[in-house]
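Data first, discussion second: the structure below is written as structure tokens.
Letters A, B and C name the chains as they come in the text, with residue numbers starting at 1 for each one.
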Amino acid sequence: MNRRTALLAAGLLATRALLPAGSAFDLRQRIETAAPGTIIQVPAGTYNGPFVLDKPVRLRGEPGAILRGDGRTHVVDVRAPGCEVSGFTVRRSGIDLGKDNAGIHIAAPDAFILSNRIEQCLHGIYVRKANNCVIRGNVIVGTTEFVDIPNPLTVHSKPGREDLCTVRVSQNQEGNGIHLWNSSGHIIERNRIEGTRDGMYFSFTDHTLVRGNVVEHVRYGLHYMYSDDNTFEDNRFSDNAAGSALMFSTGIVLRRNVFVANRSHRAYGILLQSDSDTTIVENQVEGNTLGIYMEYGNGNRLVGNRIVNNYVGLRLSESSTDNAILKNAFAGNLHPVELGGRSEDNRWSSGGRGNFWEDEVRVDLNRDGIADIPHHEPDLFGALRRVFPQIGLLSASPGERLVRFLHQRLDLPGIPSVTDPAPLTRPPP
Amino acid sequence: MIVAENVSKRFGTRSVLEHLDLQISPGAVTLLVGANGAGKTTFLRIAVGLARPDEGTVRIREVDVSRNFVEAAARFSFLPQAPRFNPRLTSRQILAFYARLRGRTLDAVEEAEDLWGVGDHRDVTSARLSGGLRQRLALAVFSLAPVSVLVLDEPGLSLDPEWRERLQQYLSQRAKEGATVLVATHLLGEWEGRVDRCVVLERGRVSAELSPDRLRAEFSREPHWASPSEDVPSR
Amino acid sequence: MSIPAASTVVAATLQREWLSQRLNRFFYWHVGLLVICGLSTLIAPPEAAARGAAWWILQVVLFAISMSSLLLGLSSSHAELDEMSLLQTHPVSNRSWTTGKALGLLLITFPTALLLVLPAALSQGPAWLLVGVAAAAGGVSGVFSLLGLALGAWIRDPVRGLISAVALWLGLLVGTDLLLLLTAGSEFVQSHPRVWVLPLMLNPLDAFRITVLFTVEHAAFTGLQAGGLTEWWLHHGGVWLTSCLAAWAILAWLIATAGTARRPDA
């Protein structure tokens, strides 16, 4: 951070290239001739690129300034550390996925990408082996036609672990909003991404803060793997075809994010696969096909989340152990908990506080906010889902509800379920 | 004309009507009398299509009631014993409904209301009508039908003497106009001198015919008949 | 002598049904329930509100409107019982009479179902989705009112009628589900899934639930891979629901007609 602050200070002291109004302005030439640290104030107008920033210059677009690529490569190619691109509309990158064509391609550290609108590009912003970038306040639009959430009745793909990337998108949507590869230490803040393939793609990217972004109408809102110790705060991932997937990573913090209305055939609010030591705190996971799906998850903490109105609230595979699931509110889910097997190795309460369950028996004689009897949450369909998928037709049926009601009070034998020994009588604030 | 031929009806092992032959002619008021259980109501119910005979036929103006009920029903009007109505409808709504079924106009409804004195209660629901008013409402419905065969089951039970008198006059008048009128009752004393013929039913068969002018005297010789004071419906 | 045309009988009976319902407490309970349930879409807890009016209406129809419609039909039938001995001596066919009663009930139950979605439509703006859900709710309500009519035509004692109505409602509400839940594990059922799915399809409450859940609400369903009948059903939820409700309405009408034709001594 110190290095970043120093760069900002240097920027303030840098030479400001002021231009006479109305004169012809050759941006490429200005970039070529600019001294390192120059701020180039770009007036309104369309400027044909591509633009290569091979020295630390600061491009600041005035309202109406448009950077237009040649449709063959990146529109802006940042190759020098400490560059800034802000205030532009960036259009027309190449569409070669093999060359990672992007609206703004960053291959040098300490870049500032601020308040741009990026459209008609393959990837919006692509960060490749470059650390400590600030990507803030950008709008990235993949296409004017948003990815339509597939009707679950018309999707025929077979679900399974291999289907994580099977939600198809059209050719001009193959790029991601913000693509980060092999880097670390970024701040990604208050960006808005819609209509791309994946909203944010993390691969081998660590120690990054992702805060206050909105990602809608894409395939995966967050597609994330082999990236450790990143923090996601106050982001919103909604109406995405496949939700958000975090895989093969450790030390992730998800705090106060909203994962909502991811409703396609195999959409997840949050998919955690082979993740460990993840902290998922105070998120809102609402209206998804699968609210939270944890597979091969160990030592993760789910605390204070609102898991509501999902088809399945929380699916825990048998391989997930030693996870703590505490102080969450489960309400309005068709199936609050689905179990892949036995689930005794996970903790459903700590310090005498469990979770809030909408249908629990709320007997609390001493009024301490903890129900006096344990809550049994059944997975009524259990293994039948796999051998007899038609059983799903009984979801939310009055008969299924009746058996659930009885089990919660009587702990009927033979029905797989989780037991919360200290259920909360009120949803956590 | 009502013609019953060989009509039999059993309820379980109990035989109510046994090979009954009966002919009710037009232009007269015919009284059908008998003790409780003699088969009066059962015969009437068969005659108006509310029950089917096990054997035999009843024809009303040449139409077999069992085989062609709707056509037969267009030829007669029936007043059931102790009639009741949909309790949520007013007497006017009830009359208007039946008038529509009988192809009658609102004038006919008002005429029937005046005839039977129910006009003042036209907006009262049937649930709030007294037994007598309900009976008069049923008579209003009964008289709406433009037919010449009239069948009544214990029509005088809930009526006070004045309205009973008016009913008898009405039936006599209709008979004079050529209608076939059949009245089943066990209050035969009330009808003395008011009918043209009296048929006695006993154990499901016609056992005798009484003189219409000496019904009280004839009645007193038949100790097994019900007392006139026992105004209990046979059903 | 005149035999009224069937249309005259139907129209007269329909009008009579409306007049009769105006003083029927079950009718006011039914309408009151619709209004309260409709309004409750606005003041429901956030979870329910977020789930949307469709989800809320599904619950309301399953657990309340179906029952009140059934009782509405039953009360309609029983209100006429005392008068049947008079009515059945008129030149009226049972078919026309029952048709008039049935149409009267449908014209009451179907449009009033709009009350369920009116508050939501007024607050959120009109939506075809809500119109569709209201139509389906109206259909279910109509079918249950006709079932009540049929039940009342056969079971004429008010207490036995009420008990039978509750039994029928429970059977359709949870009976089918419980039976299928119990049998889902059997090898025979798993090798003949149609046998298992068909009762669910034929149950009007289940057909309504599936349509709202899996078509309107777009809830995902692992049974998509079930293939065959299930897949066809889920692809044609609306068509099937319409057909299913129409079939139930006709069946109820036939049963009601047969029950009306049944003489007391039959």
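The working rule: contacts are C-beta pairs under 8 Å (C-beta built on N, C-alpha and C of every residue); 3 or more make two chains touch, one makes a residue touch a chain.
What you are looking at is a predicted structure, and each value in this text was computed from that prediction instead of being measured.
Ranked by how far their CA centres sit from the centre of chain C, the chains are topped by A.
Chain C has its Cα centroid nearest to the centroid of all protein Cα atoms in the structure. Chain A and chain B have centres, each the mean of its CA atoms, that are 85 Å apart.
Centroids built from CA atoms put chain C at 44 Å from chain A.
Per-chain Cα centroids separate chain B from chain C by 41 Å. Interface residues of chain C facing chain A in the complex, by the touch rule stated above, are 47-48, 50-51, 58, 62-63, 173-178, 180-181, 184-185, 189-190, 193, 196-197, 200, 205-206, 209-210, 213-215, 218-226, 230, 234-235, 237.
Within the complex formed with chain C, the residues of chain B that make contact are 11, 45, 48-52, 70-71, 73-78, 80, 83-89, 93, 97-98, 100-103, 125, 138, 141, 145-147. Those residues of chain A that touch chain C in the shared complex are 149, 151-156, 158-159, 263-267, 286-287, 289-290, 308-309, 311, 331-332, 334, 358, 380, 384-385, 387-400, 402-403. Remark: chain C residues 1-4, 8-9, 11-13, 15-16, 19-24, 79-80, 82-83, 85-86, 88-93, 263-266 touch chain B in the complex.
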